[in-house]
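This is the structure I have questions about; it appears just below.
Here the chain labels run A, B and C in written order, and each chain numbers its own residues starting at 1.
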Amino acid sequence: GMDAAPEIESADGFSFKPFGRLQLDAGMTALPDGLARGDGFGAEIRRARVGVEGTIPGGFGYKIEIDVATGEAELTDALLTYEAGDVELTAGQHNTFQGLEELTSSRFTSFIERAAFTDAFGFERRLGVSAQYGSGPVLVQAGVFADTIADLPESDAWSVDGRVVYFPVVAGTQFHVGGSVHYTEVDDGGTVRYRQRPLVHFTAERLINTGTLAGDSEFGLGLELAAIRGPFHFAAEGFRQQVSGLGLADETASFHGGYIEGGLFLTRDDTRGYRGGRWNRTRPARPVGEGGIGAVQANLRYDYLELNDRRVRIVGGSQNAYQGSLVWTTTDYTRFQVNYAHIAYDEAVFALPDGTRDYSADVIGMRAEIDF
Amino acid sequence: GMDAAPEIESADGFSFKPFGRLQLDAGMTALPDGLARGDGFGAEIRRARVGVEGTIPGGFGYKIEIDVATGEAELTDALLTYEAGDVELTAGQHNTFQGLEELTSSRFTSFIERAAFTDAFGFERRLGVSAQYGSGPVLVQAGVFADTIADLPESDAWSVDGRVVYFPVVAGTQFHVGGSVHYTEVDDGGTVRYRQRPLVHFTAERLINTGTLAGDSEFGLGLELAAIRGPFHFAAEGFRQQVSGLGLADETASFHGGYIEGGLFLTRDDTRGYRGGRWNRTRPARPVGEGGIGAVQANLRYDYLELNDRRVRIVGGSQNAYQGSLVWTTTDYTRFQVNYAHIAYDEAVFALPDGTRDYSADVIGMRAEIDF
Amino acid sequence: GMDAAPEIESADGFSFKPFGRLQLDAGMTALPDGLARGDGFGAEIRRARVGVEGTIPGGFGYKIEIDVATGEAELTDALLTYEAGDVELTAGQHNTFQGLEELTSSRFTSFIERAAFTDAFGFERRLGVSAQYGSGPVLVQAGVFADTIADLPESDAWSVDGRVVYFPVVAGTQFHVGGSVHYTEVDDGGTVRYRQRPLVHFTAERLINTGTLAGDSEFGLGLELAAIRGPFHFAAEGFRQQVSGLGLADETASFHGGYIEGGLFLTRDDTRGYRGGRWNRTRPARPVGEGGIGAVQANLRYDYLELNDRRVRIVGGSQNAYQGSLVWTTTDYTRFQVNYAHIAYDEAVFALPDGTRDYSADVIGMRAEIDF
């Protein structure tokens, strides 16, 4: 078969497929005058990934992917799988079942970057083994992980992660309800740090930031809700991250983040793709090249992140972001989008000359992307 | 279709093609006795590139390529394109329309390295957007670029670049006349440096070198002439590079370089490939493997580079290089070449023990290459 | 044709094949209490490689492969070949004919890591040119090499390497007798260091280690013996490494290593793959997915390494390792293995609190792997 790249299959059950994506970002960040931090125009290649995946008769599969967006190669997924009925076992570097948006491919998200908490709380791929059970509208995922391979074999960090999703179709509406739980041991002598950029990735400025915390372990809880009906979709997630073992008093700090979003396709017959507990590819009903203009989708999001815990004297700041995106999916494999965010910060880490740490930033981000 | 690597196409207009090249270099540099710089035998993998390119129905296309010649990966091209009639739009990291030889693939050049000015004046791929108009023998290219992705998103450098080429066939002769213009803003606090090795890339010695110049902007002008008739070809290019905003007096320095070359195929019925404003693949009339010995081409070049501007007290030195190459294209996808250069330097940056900076170097470079 | 990945061939003689491998390792190292070195659980991606190879009509071929196991890309093979009858010429970065196990793909070895001497004596791919003659059961290989490309073009190290193998089938038994010889000039001002980890790669501890030796050249001699008969195999190799030009007295030190191993397939009709002077792929008679359980192989090995030369006052220590492996080849392209080693060290480089340097380590290594 052929999507944008060919999937080559043999009669006896082998398959092989190259794949990749290219995302080009540009835009503006506007920080308050007097903050003396970098803003203005920015641009970068956000992702330039290529990979291969395939299957071996007997139930085995594999995937290796690298990202060369920075100009150097970085390994993302490197995994082998074994499928037996409703259960799939995975070994290698892969995602740790963090939640709906984090597990959704960046090709299929509704904003240029995922919700603030997904980056702030350090979600990443790790080397581990996991099992996934899927039957009808039920998905159960659980795994045990060492650290990310860039930190292995030296690191002795590890985690256990699990996620459950129920995604029935009821009266023509696709529902999604999920929850995830995470326990992570920090590398011996290691630290954590929670921080976040204003929406776009091409800025180096992070206005909220806990700074380095010498914690022993993290405990995370996530909740996911979503629904799709015709041109409409709704999504909301919340995540609470606790870090324990802080300081001599062995204290525990809690931080949390979440978002709520709604979207609407302005073009006729288009709907958001969804499959198996994740957002999936939007396939325009009338793509460019077949007499149409593609699918145009408008989305609104409120994105909250709180990096304060006064009980333990940590003030990293908080954000209330009001975001809109316009996503133009010209064909199954090409998209263009413009995002705008107004982000109100409280107790940001950088102060204005008059000492105030409560101010706002405005951000515009654009992306052109293609995948295959 | 299949060249050396398959181009896989679907009935509905998708295409996908992996490609790559491998260039192995070895040779000798002979510098004057007493210069106390490294010379002698040298070898390296000059390029080891792999990439993928393809098209998506609706007019979209993409290309991602990495080079792993140094042992690590480096991104070269990463771009997406949109074609509408005679106009092609490109976004991503790509060449900035620098000139005939710089835009010609290293697989199709007539010498082991391009003319001295192309390297000296810092031509490179940059992240940007561009448009290209091509109709018959006319090609117009223009774009606006940020910096190279290795320096993004931090850098705020940018450039505008344009090029026009006219390439008619007149009385059985392929002509090529072109010009390009370039304006580059240097990154805030950044510098430029113009310098060049003696022909081959496997030496680290650069005998002419302006040293670091704290300029604000560059302005470049290039001229291109070429012709092909049967086994003969001729080519000449000149480039003038100005750097402004030097020092407290805000001075402007000018440097220039250029070459003139002629070539001849010694084997019957062979001719130099050309397409759309660039040299193209040589396809031997009688390749190895089909009863022939491939195509053998002899080339002579004079390559000049001047890195002095006495008005602003910059003496980087100059070179007059006399070069010959013998290129044996055994098949459409394999080539072997030997190059020789005698390079006369004036005011080179390294002095002999007696203080003289006018001397010469001799260089032999060999390359074995394959592409697919 | 299609193995795990497709080999695409054109009617006129082009071929193109992507390939790769993924090896996931985990296990334990147990060092003596009181040694104060890191041990315990470890895990890593041992290899994550992707590459392409192909042929061009006329006798030409190529191969480019990168490894991204550390999270960054590293070039392994990058070579072009020319075949004329029984002779194959190779140029590029490739192995230097070090011996049976080193030249065998890590996909086909009988233990999780190769014999201790292969790593200790610094075997590596280098940029060079070589010729190989193969006719019936005779293989002759010789080449001249510069350094590895990560050290080029700066390094002026070089080597000449040769190997001869005779591998007749006599009375249903595949025999293998080989020898190799190596001379290496060390980079000017360079050094050598011979050391080795306890079996597995995911530990950073090397308990035997000559430390840095300022030698001028190395001279190596290797011997290889192996046999396969039905489910049984036997293998033994020895290698003597001399380093000359040590110190003011221009002394020469000798070190040596070797192993002897036997293996047995516990599953019916399985046998070890062999081809052209190297171990080759095990293809289970009854793979998973076709009603079988794959091939199960048990192997025992004694692995010796001596890094002492008292004549020149070098005491790097020695190891006597007793190793067992259980290799479960589920399909032609997937394997799982468990290894155990008890390694007795004499004069190890790290002392216990009571000063003793004679002690032992125990190691368990597991690997899941897939290739295509």
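Worth a mention:
One rule holds in what follows: a contact is a pair of C-beta atoms (placed from the backbone, for glycine too) under 8 Å apart; a residue touches a chain by one contact, two chains touch by 3 or more.
It should be emphasised that the depicted structure is a prediction, and the values quoted were computed from it without experimental measurement.
If you lay the C-alpha trace of chain A over that of chain B, the rotation comes to 120 degrees, to the nearest 5.
Taken over every residue number at the interface, the positions common to chain A and chain C amount to under half, indicating a different-residue contact.
Measuring from the averaged C-alpha position of chain A to that of chain C gives a distance of 40 Å. Residues of chain B found to touch two or more other chains are 18, 66, 72-73. Residues 8, 10, 13-14, 16, 18, 52, 54, 56-60, 62, 64, 66, 72-75, 78-80, 91-93, 127, 146, 148-150, 152-154, 156 of chain B are the ones touching chain A in the complex.
Partner chain A is touched in their complex by these residues of chain C: 2-6, 18, 20, 22, 24, 26, 40-45, 48, 50, 66, 68-73, 201-204, 287-290, 330-334, 368-370, 372.
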